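The following blocks contain the structures, represented as structure tokens.
Heads up, the next two complexes both have subunit A, just with different partners, subunit B and then subunit C.
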Partner chain A sequence: MEKSYVLSKEDFPRFLERLKQFGTVYAPTKVSEQSFAFKAVEREEEIAFEALRTILPPKKFLYPQRETLFSYDESGNITEPEVNQPLVIFGAHPCDLSGMKVLDDIFTAPPGDSLYIERRKHILVVGQSCIPDKYCFCESMGTDSVKDGYDLFLTDIEDHFFVEVATPKAAELFNECDFLIQASEPYKQAFKDFWHNRKDLFSNRFETSNLPALLDLEANHPVWEELGQKCLSCGNCTFVCPTCYCFDIVEIANFNGSGQRGREWDSCQFHGFAKVAGNFNFRPGPVDRLKFWYRHKLHGFQDAYEFPTCVGCGRCTVSCPAEIDDIVGVVVRLEGKDDRKSIYAKEPVL
Partner chain B sequence: MKTPNPYIPTKALLRTIFKMSEDNYLFQFTVEPGTIGRCMPGQFLEVWIPGVGECPISVCSDSMDGLIELCVHRTGRVTDALFKMEEGDWLGLRGPYGTGYPVEKMEGNNIILVAGGLGIAPIRSLLQYILHRRERFGDLIIAYGMRHSLDLLFRHEMTSLYSRNDMHLFIGAEEVDFPEIPPIHAQLGRVTDMLRMAQFDGTYLAAVCGPPVMYPFVIRELKEGGITENNIFLSLERHMKCAIGKCGHCFVGGVYACKEGPVFPLEDLRFIPEVVECVNC
Partner chain C sequence: MSIARLSETNKRSKPIPTISVQSLTGCAGELLVILENLQKMLPYVRIQSFPFAQSKNSDEPVDITFVEGSVSNPHDLEKLRAIRLRSKRVVAVGNCAVWGCVQKGACSRLAVEEMRNQVYGAESKIEVMPASRIEDHVQVDVKLSGCPIDSTQLLAVAASMLKDHLPYVTKKPVCLECKLRENPCILIEQDLPCLGPVTAAGCGALCPSVGAPCYGCWGPSEEAQMDAMANVLMEKGFSLKEILTRLQAFGAPPELFTRLNQLQDQADSN
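Take a look at the complex of A and B:
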């Protein structure tokens, strides 16, 4: 690897300054006792390097919760929004990077979504290594490491970061800087050790290598009814998901005849999502909708995209108020290996 | 090169409005040449009314002359606003989207067209396509059912179709008012009763469009008549919001109805959850 460097953690402020030359830097920050969120940062101290999963994934930068598709004036003249604000996403973990790749595939599939494509061009992505907790199952989904989808990737090797410079965009930004030093052998070994050892740290995992067949085979398994009956249809699981991309198109009209066409995140868990004219609803109950979501995530709509759309980040598991998004638990049950303890089971209080 | 914004519609001029029944109007539009391409039978357009919103509507004619015809049922916010528009007003159209009926595969074959209610709209575009090239198709049967004989759409066209000797037309309504003006031989019965009257066999290809509840019964009749699943083409009703395979609203099993459909051969739908209840009766 010619393009691998090391960055001493002491030099991180200088590295951050260089990132800021590209655009506003968004990084995980601590927002409460237990939660982290991507926010604009100026200084190193603001960054929560230990953050594992932010409340919302970085999809909010690629595909904002609300955005204008186009505006029109009273005579019907149309103007397109400007989406060329340069920004840096710092601290995206492999699951987040995999999620961004899923979004890339969906929004660039012909006909491409011009807003997404344009916005994406102006984003620099800095990945960062992480140590899994009990909710992470990216290893089971095959997204525990990524070979592309980032401009730079930082692997934490004690008092240094091992830095992979992956794109010309990143190489140009870090041209002629003395804090990135060509990685020598001991650092390369430390890097290899990190990824070697990390594999053993996953406690939340399933074994099957044929998820689509499992989902097809167990389409009528009792687990769907059981979980669906508890579902509140709140949509949390979809909003926090790095790959959930469904949206609603809305009209924001003014009194003078001008207005905007916009879009907002939508959720397949909402009652009206699959409703059509004449009040027919193809997924009327929470059981139908929850099953649909699980199928989309794990079966992956193989026909449309040929990849599963779950990246194993564990956000849905953590944020589900009804405690039914234990994806690994569900897969294990579908496999007929019911002996696993629910991830929601509380530790005994002494 | 910059990707064009796929959500921006083309300005369309509302030329004429025909009132076909209380809640079903036929709207004719023209657009600048080169903006909206040739619409094939079974494809749909997104109709945008500024200040109100957008909804997907099937094209209902074989639009070779640049005139776009949409048969619309007043059922929601957008269609309600459309019904309040006047000739000379403008609105937005984008499309056409979807794959439509497999007209090339249908050529050289006997064809049975099955429509329920407003499902006659896309079926009419296919019918016109066939009639414009009548010599390329074999025998032709149309079975068209509706709730009430007053709901009959394209009344004058249906009347003239009765006089053609190169096709068989069966029109049925669950309730029939007499006398009809102009006289239409709407028989008492459902679309399935019309299918039982029609003489068809396994050599026919079927194109079906109607409300979802109709499908299981129609499919049973067609199969009993000997038509195999690969020769039954269904247009599925879904609410396509973006129409370009992004927003997720029209997902049917593993595919987007707006891109891969809305017309599917029945054999492709067999193992898809959601439609199976509807389809595999």
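Take a look at the complex of A and C:
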């Protein structure tokens, strides 16, 4: 199915116009000195092509922060929301594409989440290549490149993008356009070189191939107590994670008897998350919760699905105010190699 | 049995549920929020007493009383006890009623008699007590914090109570609402002393959304990790004294600061 083309960067505005024919285009935009966020864009200049990680991952389009599951009127008639707005996610990197695949597996597993499934149908995904920074560790998680999970993928080869058209949806949208040119040999070589050379650019990495065994073996390692005591239980690590999927369900009543049932992202780092009837809490302290979170990201999910849910995007690392989400650092310590400098270590002040 | 149905069977009440809005020592901010939202509630409730907003008020038994303010003098206490006796449900509204607010938090290090003497003079007949939460004195059914409270939360709580639903008031931290709005974190990016991680949500992360650090005005979140919060701020160079002042300003209970206060005492005695 996959077809390879090249797009001259000068023609990008025309490419963008074509994407807009599908639906609203969301792309990384700069929102502060250090941060980016996916926002609706109209013009090329609004797009931050250099963005590596946005504050929230593209999961916010598949499974929004807050959504109404259904509303009911005074007589109990139920209305379900319409979630068929077509949209384009532009600029998802391999970690985020991998994250979306994890969410797909979770939300579409029978019986399936009907809102998620419906929303997903109307999304076109455009992947984009990237050069890792010091926080990226997708290479250690095996998510540094993807074979599927996108409609189009753009690899940056100097003044061109190498464009892979992967699905009929994308092929139809880009039918008959003169700005996508069949890729000739030199471009194919440039594409191969890019991905080959990129392998060597990861500085944040670990060697462990058997994470589950390591986590089982080191379940009582002192690192858990040490880091857990510093945890604020703020939940930032989970909201920013492309694969964290937990939600809370809230019902809001109106005076006239109508109301709404909605869901909102929740976090296993909150005290109330594991509280059950009788005021019993099976993860009462921050140490329990932090250990649980690490385990769920690196091990827990393998029990059921045979893959870890961490895709190595580094978002938790940069979003933790307590600076305790250096995942690679923790894995290296569990391996017994305490010599690695913390990723948070500041350069010495002169 | 729902409050609405209770009222129907109770001959002394009118069939439509009654509410009362009362204040102790506070800034009247909550009263204004309730006043602003009265239109939306009026078809479903009858205002039995609201001294701040109307001149004809009654002290008959009432279905729900919203109480603003902290208990800061003997008169507040007397009034609160009478409110409790005549109300089926008591809702504490605002940080003052729920946590004691600045008169309890920020002023806790000064002796209350001394403050009175400085403000009113030593000869003054004004009676004062150290400010306290209303739940320190009477049973409170629902606690709705805020400084001032949030309209959406107020209406949702009131509607739930009239429908006999358990009102939902979140105890999760401000960081939840902040991240859901996708704000850049000013604690991390600008080293501002944002108390979002230890403050209860409900405001929609108002302050960080406009680039100002959270002052903690909603009171502490559930199991707020004050030690860890202080640790983060100390690493950014804030003194423990300043950190304690900030964390305690809005009346968070002293038991959350056992370790930090010990540390400060040690530092003071050195």
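The rule we apply is simple: the second predicted complex is superposed on the first by the 347 of 350 C-alpha atoms of A that agree within 3 Å, B and C clash if a C-alpha of one lies under 4 Å from a C-alpha of the other, contacts with A are read in each partner's own complex, and residues count from 1 in each chain.
In the analysis below, a residue touches a chain if its C-beta (ideal position, glycine included) is under 8 Å from a C-beta of that chain, and two chains touch if they have at least 3 such contacts.
Owing to the predicted nature of the structure, the values given are computational and were not obtained by experimental measurement.
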One more residue to check, A:F239. First (subunit B), second (subunit C), both or neither? second
Which partner chains sit in contact with A:G278 here, subunit B, subunit C, both or neither? Use first/second/both/neither. first
Quick check for you: in the superposed arrangement, does A:D326 touch first (subunit B), second (subunit C), both or neither? neither
Looking at the overlay, what does A:E251 touch: subunit B (first), subunit C (second), both, or neither? both
Answer with first, second, both or neither: which of subunit B and subunit C does A:E33 touch in the superposed model? second
Which superposed partner A:C268 touches (first subunit B, second subunit C, both, neither): first
Quick one: is A:L115 in contact with subunit B, with subunit C, with both, or with neither? Answer first, second, both or neither. first
Doubly contacted subunit A residues - partners subunit C and subunit B: 250-251, 253, 257, 266
Subunit A partner contacts - residues on subunit C that touch it in the complex: 40-41, 43-44, 155-156, 158-160, 162-163, 165, 168, 171-173, 175-176, 179-180, 182-185, 187-189, 196-198, 221-225, 227-229, 231-232
Can you check the complex and tell me which residues of subunit A touch subunit B? 69-70, 72, 76, 78, 80, 106-107, 109, 111-115, 117-118, 216, 219, 245-251, 253, 257, 259, 261, 263, 266, 268, 273-278, 280, 282-283, 288, 291-292, 295-296, 299, 301-304
Tell me, which parts of subunit B touch subunit A in their complex? 2-8, 11, 48, 50-55, 73, 75-76, 90, 92, 211-212, 237-239, 241-242, 244-249, 251, 253-256, 260, 271, 273-274
Subunit A - residues contacting subunit C, complex: 31-35, 37, 55-56, 60, 65-66, 229-236, 239-240, 250-257, 264-267, 270-272, 286, 318-319, 321-322
